[in-house]
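Following this line, the structures themselves.
Here come two complexes built around chain A, the first alongside chain B, the second alongside chain C.
Here is the complex of A and B:
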């Protein structure tokens, strides 16, 4: 067994003994009951399973959890789909994250399996644009580049992309 | 009288049918041999029509040459060729349309092809659909644009001789030798070249840089040392996948368009020749030792590799190759191992029941120290000779891979 310490959704997890052979997604599901991250292809292709990893500057980057062992995330600060909404002191959701709001408003998802992956990628994209705004004319290509590796078997890409586009254009400072 | 006429007509019909059938047989044989020679790979672009040419071949100093149209079109292709023209192109690199061919066309290997097989190839190429596509002009400058210079190269390095069977070897071995060295032109990639880009014939199959990959050492000595057996080698060449590893880079297209189409008998000949044996050879796999979990590279392997390649290197069938006993890990030159880790591997599609997803790049995940530890772990856990690499060795390989990736993009 290996001992891990990490931060998940701003909560310290650990020290916790972990089987060194398990993938991060298994750790989230089986050890912590965080089942919102979905197991898709299992081969790092579909990106349904990505979570957010925060670097020292607070910047977010997605990372696949089906092909990376839990050990990869030891000592890291990560965020999963369960951590994006604002909650009260009793753990009840009082406000959705703007990306969650936007996805709901646009009926972006059908079966929902790929949604947490698209969500995390879009959150990372919005944060990046806050730091480095883009031209309005580049919004569509920027979204395509950012979300392009995510696969939706219900083929709901248009609604995801439209949702991300509307959100980016509605938040001040993301475009110039 | 009517009876005689009827018999005469019947006989004439039989005779015509027989001629047609013989000709069809020759064309079929030619098609098989054209596949064995992998003409498609160089003479067809990714989105182009079969044998229409136009595929680019990068040369040093930013120059490029383009393959020719070898379809049956009489204006742009080789539809106007005689058998003599065709033979001269294949064996001597002399094109009736374009003068001396650049040695990117492996006429040095095709020179070994027998007269009968050339006739079959010619018969087939006269029947392939015509493609009306003009040859793309080569992007070369002095002195590479002086085609007569190639004549000098031919005089120095071209050995225009047909294959001579070795009477001390079996028929199977000789067939394998013929296929590998003529149609297969395996040496064009796997044999190192000298300063003049001619094959170093005293170092056959000892491995060479080709594009951004290392065409490995495929001498029988090296293959046997790495534990390759008859079944694994046949599986690799037919499916691009085996218990001893997979093909990557340009070898993927060689398997897809050429080797996968070899008959069972010819595949046995090829593997028999490459392993230099008429007997069936069983592959060998090292024994996995649980003690390796104390190795410095174990956490890195478990973190990034184990989910696909297995915690004990057992791999996942038709998804990720085994690491235990992997031939690439036992190749003397470790460039391809570092390339796979740092550059990743593109997805491969052979057919609906045989295709592989891409392997991601780990360039931004592994420090030099982690890569070194990983390379040493792979060797310690999954190979026979358990080599120890040094930091400068692996750093140099990484830099070489990065340089190559930059050139590719």
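Here is the complex of A and C:
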């Protein structure tokens, strides 16, 4: 057992004892009862389970939680789907993150099991594009590269991709 | 401790002394991580974005914020009144079916992580616990027996902490030393009769389809074979004047002789499909708590068919001495993360229930993906041999002979009806004057097979389309022209002799496809593409299909309630699995009630007990005499509730929702409006109002007006309806056997006809005491059903009559080096009828097409011991289609506009995945000059071919 401390959605978690065999998704689900991150395959293939890890510069990177032990995230600052919306002082959700809003408007998902993975990947992509804008003609291939490994069984991906494209083209500074 | 409260739990039924309740899944605020959503944000979903279209899905915000809404999300601490402690279960399964199971050895587990209870067959036997009869015997395999199938469950291990569970599972799951096997034996299924056999014979009248058939299943009934050596043997005696079977054989033989001897073009081909997994992204899960103190069993299930679980689980408990103290079964049915048939009548929750009975605290059992592949519902291979005959001069189809066999897997489940539906679907969009379709389904060692998306039609229908493409080439006729010549016309009969409902708009689709760039310019485009891409080959294929929706015994229920504050609450019996039923039902009422629903509650089957309906017989097997006799009982219905499957919600659920909304409007909101106009805006003391015709009423921006009267808000009308004691809640039940039951009801002093077989209402808070006293124990007044007309039972032989057409053009490129298929563009035509929510339809279409691409090119499971049943399959080997596989940026569609505002809303969820299959097969042929007759067509197959 190892003692673990980390930040999840800007809340300090720990110290908490965790076995090295416990995967991060299991830690989220069974230790913290954060079930918004979804288990799809357990093998790092479907990407339903990706969360965001924030580095010291505040840059977000996606990581799969079903193939990484919880201890890999020890000391890290991570964000999950539960942390993106704006809440009031009572914890009630009062406004959506732009990606949440865009996915909702586009009817991007159906069953929603893959949504948290797509959500985190798109949030990371948009942050990256803020730093390194791309040409408008490269938007589609950039989305393909970012979201291409995520599995959705219901939608055929079209409305996720259209949502990401519309969002990238509508936010100033992401394209040049 | 838990105390059942009528406000929280609604009694479903009593089975053998066990009262079954359904309960909303309320989160325990203290423990659960779940943020509530501010009401004004939640209500954003129904902000209209043009032509009565909602801004979001009803469940969008919960899904994008990670709220706990799925069955798999819930832990004991989340659920009010459950203990906080969560236990975990692991189901031990065999990975061989040809050896005697000799037990298991857990001695390798350290004491620290050993299960505190191991449930075996002996425990179940000691306690008289069994699977419901629907699933068969051997819930847990007995030591010394040969497994019935790969993945047969042998034990359930219970752990009192997640840590112990996890460490033990890591040790056990892929450890070949745990389960011990003895000598090799014959497969159990080698000595089991087929699950089902069907034969659909028809010969049209010499005067054509409009005249009475010489023979058909609808007219003459069905006949069945004997089983010899576990194979079907059909009656041998052919007699034109004999019984149903003898006549059928006569016409079948005659067709065979003609196909053999007439100067017809006969396309004689063998096809084979593969084993596939529906692969809903949420693997199955369960949570359950046996509250001994309160003699209650609480369960959370992930199911498309909770009504099935209510009854069958109740029976299991009622029949066991162990559970003699259980007086209450409380079932929670949250949202599910995808179904595709994989969670319809699944066996999984029963294992969870057994675990709960032996666990000392709430127990969570959740498949990982390996376990889901091993134990989840599949569709296994079809082998199909078709002979399709054409007149060489007119190009008309003369007849079809089809022999199909289907691997039904290790437990029977829905295989019999899948076999029947697949057989009845093979005709696709074509009119067949004569047919002899045989289909039988055999048991195998493979995992269970059941109600997977397509229900057999994905396997059978594309074979017809492939033969049509091949025939066009042989006859040297344009492929679309050959389709036009043979396309089904409205009023013609299907292979069962039944006339499909609604117009058949296949020619319209064919004409549109003919003008599309992908088709019209395919020769030039090929030349250009191959010149620009010398290492690639280009091909275009077209496919068309028409898929039935419904089951022939559909029984939806809806309740719509208006609160005094002006909120609309809809409750339906459908389960939300992603298709958007909650949204569509919430939206469709707006045309009658002026606004979308404020809340939509799903899977609320038990609520409808208020209609006091009873069912007695199997709707598929009952005699006409039984139906006639029973229907005299005004509380009787052929079926009380049915599963969320078969592309049903958009048509069947919508029918009752709309009917309930119309009643509310006609009987309550409009009279309330008239009352207000008369009281406040009209000289009622001096004249008779001329604005009392309900048909003149019109909603605009949530306000009701008629003949220039002051528009009144919904909220005002709701308040008025309540104060007047008018109807403020309508509960409706329908029954459809390829046509709706129609009832006449007493409503006040009037008799009203509705296409419903059960109606109950609640009156507003202003209703007088006498009226209120007449309410039943559920608070409803069941309208007296004066008479009812049910569709004749003979319509069961029609098998299907509601169809949705769909066509797809596919443009592909194939890499010569790798044989890899690249989908460049697709265009799909769909005739959905009147659409409730366009984006939901588009999403279904895009997702269905993608799943069809997976079926054609990628998805595959072996059916032997190397297949899913051995527990080692995951998505690293089972390739589902990704965005790079489906031409994601170039997937376009045309939704055919409805013929009229009264067109039904059709079921589309399955048909959208079918035409792409034959379109891709043909496109591959056009690119490579090689025809394939098996699925999936791998890049290796293609590479070898070129």
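Just so it is clear, the second predicted complex is superposed on the first by the 174 of 176 C-alpha atoms of A that agree within 3 Å, B and C clash if a C-alpha of one lies under 4 Å from a C-alpha of the other, contacts with A are read in each partner's own complex, and residues count from 1 in each chain.
Everything that follows uses one rule, which is that contacts are C-beta pairs under 8 Å (C-beta built on N, C-alpha and C of every residue); 3 or more make two chains touch, one makes a residue touch a chain.
Nothing here was measured: the structure is a model prediction, and the numbers come from that model.
Using the contact criterion defined above for the overlaid structures, shared-chain residue A:122 touches neither chain B nor chain C, since it reaches no partner. Which of chain B and chain C touches more residues of chain A: that partner is C.
Touch criterion met: A:151 reaches chain C, while chain B stays clear of it. With both structures placed on the common chain, the touch criterion links A:142 to neither chain B nor chain C.
Of the two partner chains placed by superposition, chain B and chain C are both touched by A:45. Of the two partner chains, chain B is the only one touched by A:67; chain C is not. Of the two partner chains, chain B is the only one that A:20 touches; chain C does not reach it.
Shared-chain residue A:159: touches chain C; no touch with chain B. After overlaying the two complexes on the shared chain, residue contacts for A:33 are found with chain C alone; chain B is out of touch.
By the touch criterion defined above, A:114 reaches chain C but does not reach chain B.
Touching of chain A by both chain B and chain C, each in its own complex, is seen for residues 21, 41-43, 45. By the touch rule above, chain A contacts chain B in their complex via residues 20-21, 23, 41-45, 64, 66-69, 71-72. Across the complex, chain A is touched by residues 31-33, 35-38, 41, 45, 55-57, 59-61, 63-68, 70, 72-73, 75, 77-78, 86, 162-163, 166-167, 170, 279-283, 335-340, 366, 368-370, 577-580, 839-840, 842-851, 874-876, 880, 882-884, 886, 888-889, 891 of chain C. Partner chain A is touched in their complex by these residues of chain B: 299, 302-304, 306-308, 311, 319-320, 357-358, 360. Taken in their complex, chain A has these residues touching chain C: 19, 21-22, 26, 29-43, 45-46, 48, 80-82, 84-85, 87-88, 91-96, 100, 103-107, 109-116, 119, 140, 144, 147-159, 161.
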